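The structures considered in this document are given below.
One chain, chain A, links the two complexes that follow: it is found with chain B in the first and with chain C in the second.
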Partner chain A sequence: MQERSNYFRHFMNSVVISIGSTLLGLLVAVPAAWSMAFQPTRRTKDLLMWMLSTKMMPAVGVLIPIYILFQRAGLLDNRFGVMVVLMLMNLPIIVWMLYTYFREIPGEILEAARMDGAGLWNEIRHVLTPMAVPGIASTMLLNIILAWNEAFWTLNLTASKAAPLTAFIASYSSPEGLFYAKLSAASTMAIAPILVMGWFSQKQLVRGLTFGAVK
Partner chain B sequence: MATAHQRTLARFMVAPSVVLLLLWMIVPLAMTLWFSFQRYNLLMPGMEEFIGLSNYRYFLTDPGFWTALTNTLLMVAGILLISVVGGVGLAMLIDQPIFGQGIVRLLVLAPFFVMPTVSALIWKNMFMNPENGLFASLARAVGAQPIDFLGQYPLLSIIVIVAWQWLPFATLILLTSLQSLDSEQVEAAEMDGASAWARFTHLTLPHMSRAITVVILIETIFLLSVFAEILVTTNGGPGYQSTNLTYLVYSQALLQFDVGGASAGGIVAVDPRQHRGALPDAPDRQDAGLRGRTWHAAFPIRANGSSPSSPGRRPC
Partner chain C sequence: MGRITLENVRKAFGDVEVIPGVDLTIEDGEFAVFVGPSGCGKSTLLRLIAGLEDVTSGRILIDGQDVTAAPPARRRLAMVFQSYALYPHMSVRKNIAFPLKMAKMPEAEQQRRVAKAARILNLDSYLDRRPGQLSGGQRQRVAIGRAIVREPEAFLFDEPLSNLDAALRVNMRVEISQLHNNLKTTMVYVTHDQVEAMTMADKIVVLRAGRVEQVGSPLALYNKPANKFVAGFIGSPNMNFIDGEAAARHGAHSIGVRPEHWRLSTTEGAFAGQVGVAEHLGSDTFLHVDLDGGAHVIARASGEFPVSHGDRIWLTPQDDRVYRFDKQGLAA
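Then we have the complex of A and B:
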């Protein structure tokens, strides 16, 4: 019984962290991708490349300061802290993916709406939002998968209270009684939801993970 | 077309992402750099002092560092080799029209969605365990001595485990690219009497070259920081045999509490010079060299007017 409530807690941590970091990321990335796609400037291209290049930095380069800052701020083993880190880590991917989706919304539609006298608000609400929703949805799906499986920051920044399933499963690395059965059960339950989501999002996955280079 | 008002709004909308990413990159990196010049051990609070390059000297002369560097490069190279070669093969196999193609595709893809700690533990306990593992049973069935994979070949074992996760990724991307290959071209070549091998080297491979570049780029980013697989299987051991740079820095900082030394390691790990071998240049504008171009070719951006490189490339 104890086991089960523990498992449930870690499962919920995974859910909260992956969905929370995704929503936070979208909150920041949607406006950015939006304006880059519809109001591109000369610097847009460089900006996107720069964002991509932040992904090239190995996480160990910033592990120590983040760890110490989090320690001081009391954010170690805290769900919100992990959420923010994962959000920052995946932000370039979210922006890129949204950007490639938004680029496909034809600009003519906007002009037509403007001709018909739609204001900015109406333009966003009745024309753009319906066309952007599929792109946002698949970005969300991919990002939840990435955050769910993330195993560098979650292992380093959490101990028990906020530990998601990645960290919980890692605690099985030393064998004990009834071990295989438990490990199998915990593992299956940890990967099942994401497996299902992954199968649904194959196509978007290619696009998201290659930053739109392969479609 | 855009009014000044709209342009201000656009800047305002981009700003949060840029500021956040800047903070995320610059502040911690600057702190790492600062720590790397200090004697700073979490077990000895109040003893911090500036010691110049000592941490670097210590870190770079540590035999563990060179082993870790070699291991990192071997790991990236090995996994890339397996996933690109295997990925091309698998993609071509799956591309054949067979019964149950959809199911096969899903199954091939599945390992990519398994979280790293799960797959590493499953491999460790159920396949590679010298007493109860599947490989041990197979070895015993044919009368051979079971091998303690993680004990005797730790680096190779980890390469296999991580490659198992990334092979599906390569396969998926290469398959997507393969499916856009014009089948009429292939048929024409066939009629002209081109052998299967010639069709492969002259049509299929060139067509997939961009996808292959992308696979190499993306996988390298992730493979430089393999961590969880090492943590739950070998803990970097025996000795330093399966320690990579990421793991070395981790153990120095969070197991030995040597913040200064670990920071020096972190700075060495992000030093772009050592990635040059595997990665084309990060896209800085000054670099008009070939590697810069490969990068831009792999990630074309169709921003308005600013991309002269792709005339007529736009889908109409």
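Then we have the complex of A and C:
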């Protein structure tokens, strides 16, 4: 009984953290990818490479500074704090994905809209957004999955109040020993929601990931 | 009305000056063609008129009104792009109606105009399809439909036929010319294909490296090219140029003779040579001839002309069909 209510608390934390970090990420990444795709400068390629290179660094290297920062700011075991960290960790991937999608939108189509009398707002509303939606949707899905399964930061920065399902699983591996049966049950319950979501959106996901490859 | 005037229009991308300065007037109702080799700045010039690029200096006027700083939407021009640039997520009907929707035209009037355009362009049965489900020629028609519904001051075309196969290209060429005859709206058409220019234009603007080399009617350019570049560019196959002593005899640095202006003989003439390749088309015969002086020329005979590879042949330019050029390549 006790553990069931725990599951729902962790489940809600997982939902809030993964969706929250994704929305937060899109808020930053859409304008960033936008300007890089449509107003590139000579440095844009370097910038993209640099962003990706941050993903090649082991996360543990920045654990101590971030932990201390979070401690000072009172963000330890705080859902918003985890959201921000996961957003930052996944940001390079979101920006890269969106950048590639936006690059697929031919500039001439936007110019055609301008010739057809569309101002900036109508261009965004009637032409850009409908063409970018599949890309944004699949980026969102992928990011939710990444955030849902993220274990390193969630384990290190949460204790109980803000702990998502990954921490719930880990709680069954304690100094007193491994509780295999409960561990397996918890793992299954942790991946079930994302599995169901992935199943329903697989068409969208595959379309998104191969967008441009097959026109 | 759609009179377009360019006053000393310059365009540079960074340090690269693409259009060094163009003065040009396109009269209302005229079919003007910008022609020139690839990379000479035709598209850039068209995009400057459209407002898709900002001029570096100079002025652009439409019907006397200065539109240099106006955004594309304010210039009341319609453009047909090389890639067609249709909206892939909209039906053909919505694509064509889009500019009307942007102009906030009443729905009923929108539908009336779309139906009319569809009738003119034979698109009636495709109105509910997406662009992805159409052939290249149909997409081109949709792009034209989207341009004509607005009844713009002028149409701008950027190499609209270059993605079509040869047969379709000839058909569309005729259709666009008919469209111009019916609408009598100013059209500015960009192409690298001098045949398109010759067959469609009222006025041809020949460009080289961003400069206007010559402006005139197709036949004016054919008969009186201002320089060697225009002479070589207009006409197909290209004009033959001969330098040296033969040219000096005509009092010029270099002379040009069009392939269709040779008189051919198997016995005598001004220039002797040997047939390299003979192309027998039935209606015409094209002979690639290596002249004894070393020059290589092409000659066209109307109908059949029974010679083949290796035969001796004599060529004589028709009277007053010799174009003379001075050292700078200007017509003398």
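In the analysis below, the second predicted complex is superposed on the first by the 185 of 215 C-alpha atoms of A that agree within 3 Å, B and C clash if a C-alpha of one lies under 4 Å from a C-alpha of the other, contacts with A are read in each partner's own complex, and residues count from 1 in each chain.
Methods note: contacts are C-beta pairs under 8 Å (C-beta built on N, C-alpha and C of every residue); 3 or more make two chains touch, one makes a residue touch a chain.
Quick caveat, the model's predicted, so the values are computed rather than measured.
Of the two partner chains placed around the shared chain by superposition, chain B is the only one that A:P40 touches, whereas chain C remains out of contact. Once the two complexes are overlaid on the shared chain, A:W199 sits against chain B while remaining clear of chain C. In the superposed pair of complexes, A:H126 makes contact with chain C only, with no contact to chain B.
Of the two partner chains placed around the shared chain by superposition, neither chain B nor chain C is touched by A:V15. Which of chain B and chain C touches more residues of chain A: that partner is B. Look at A:A112: by the touch rule set out above, it reaches chain C but stays clear of chain B. Legend: residue contacts after superposition of the two complexes on their common chain; A:L23 is shown touching neither chain B nor chain C. Of the two partner chains placed by superposition, only chain B is touched by A:P65; chain C is not. For chain C in complex with chain A, the residues that touch the partner chain are 50-52, 71-73, 77-79, 81-83, 85-89, 98-99, 102-103, 146, 150. By the touch criterion stated above, chain A contacts chain B in their complex at residues 28-29, 31-32, 34-36, 38-42, 44-69, 88, 91-92, 95, 103, 145, 148-149, 151-152, 155-156, 165-167, 169-170, 172-173, 175, 179-180, 183, 187, 190-191, 194-195, 197-199, 202-203, 205-206, 209-215. Per the touch definition, chain B reaches chain A in the complex via residues 2, 6-7, 9-11, 13-14, 16-18, 20-21, 24-25, 27-29, 31-32, 35, 105-106, 109-110, 112-118, 121-122, 124-126, 132, 169, 172-173, 176-177, 210-211, 214, 218, 221, 224-225, 227-228, 231-233, 245-246, 249-250, 253-254, 259, 262-263, 265-267, 269-270, 272, 275, 279, 282-283, 285, 298-304, 306-307. By the touch criterion given at the top, residues 106, 108-109, 111-119, 122, 126-127, 130-131 of chain A touch chain C in their complex.
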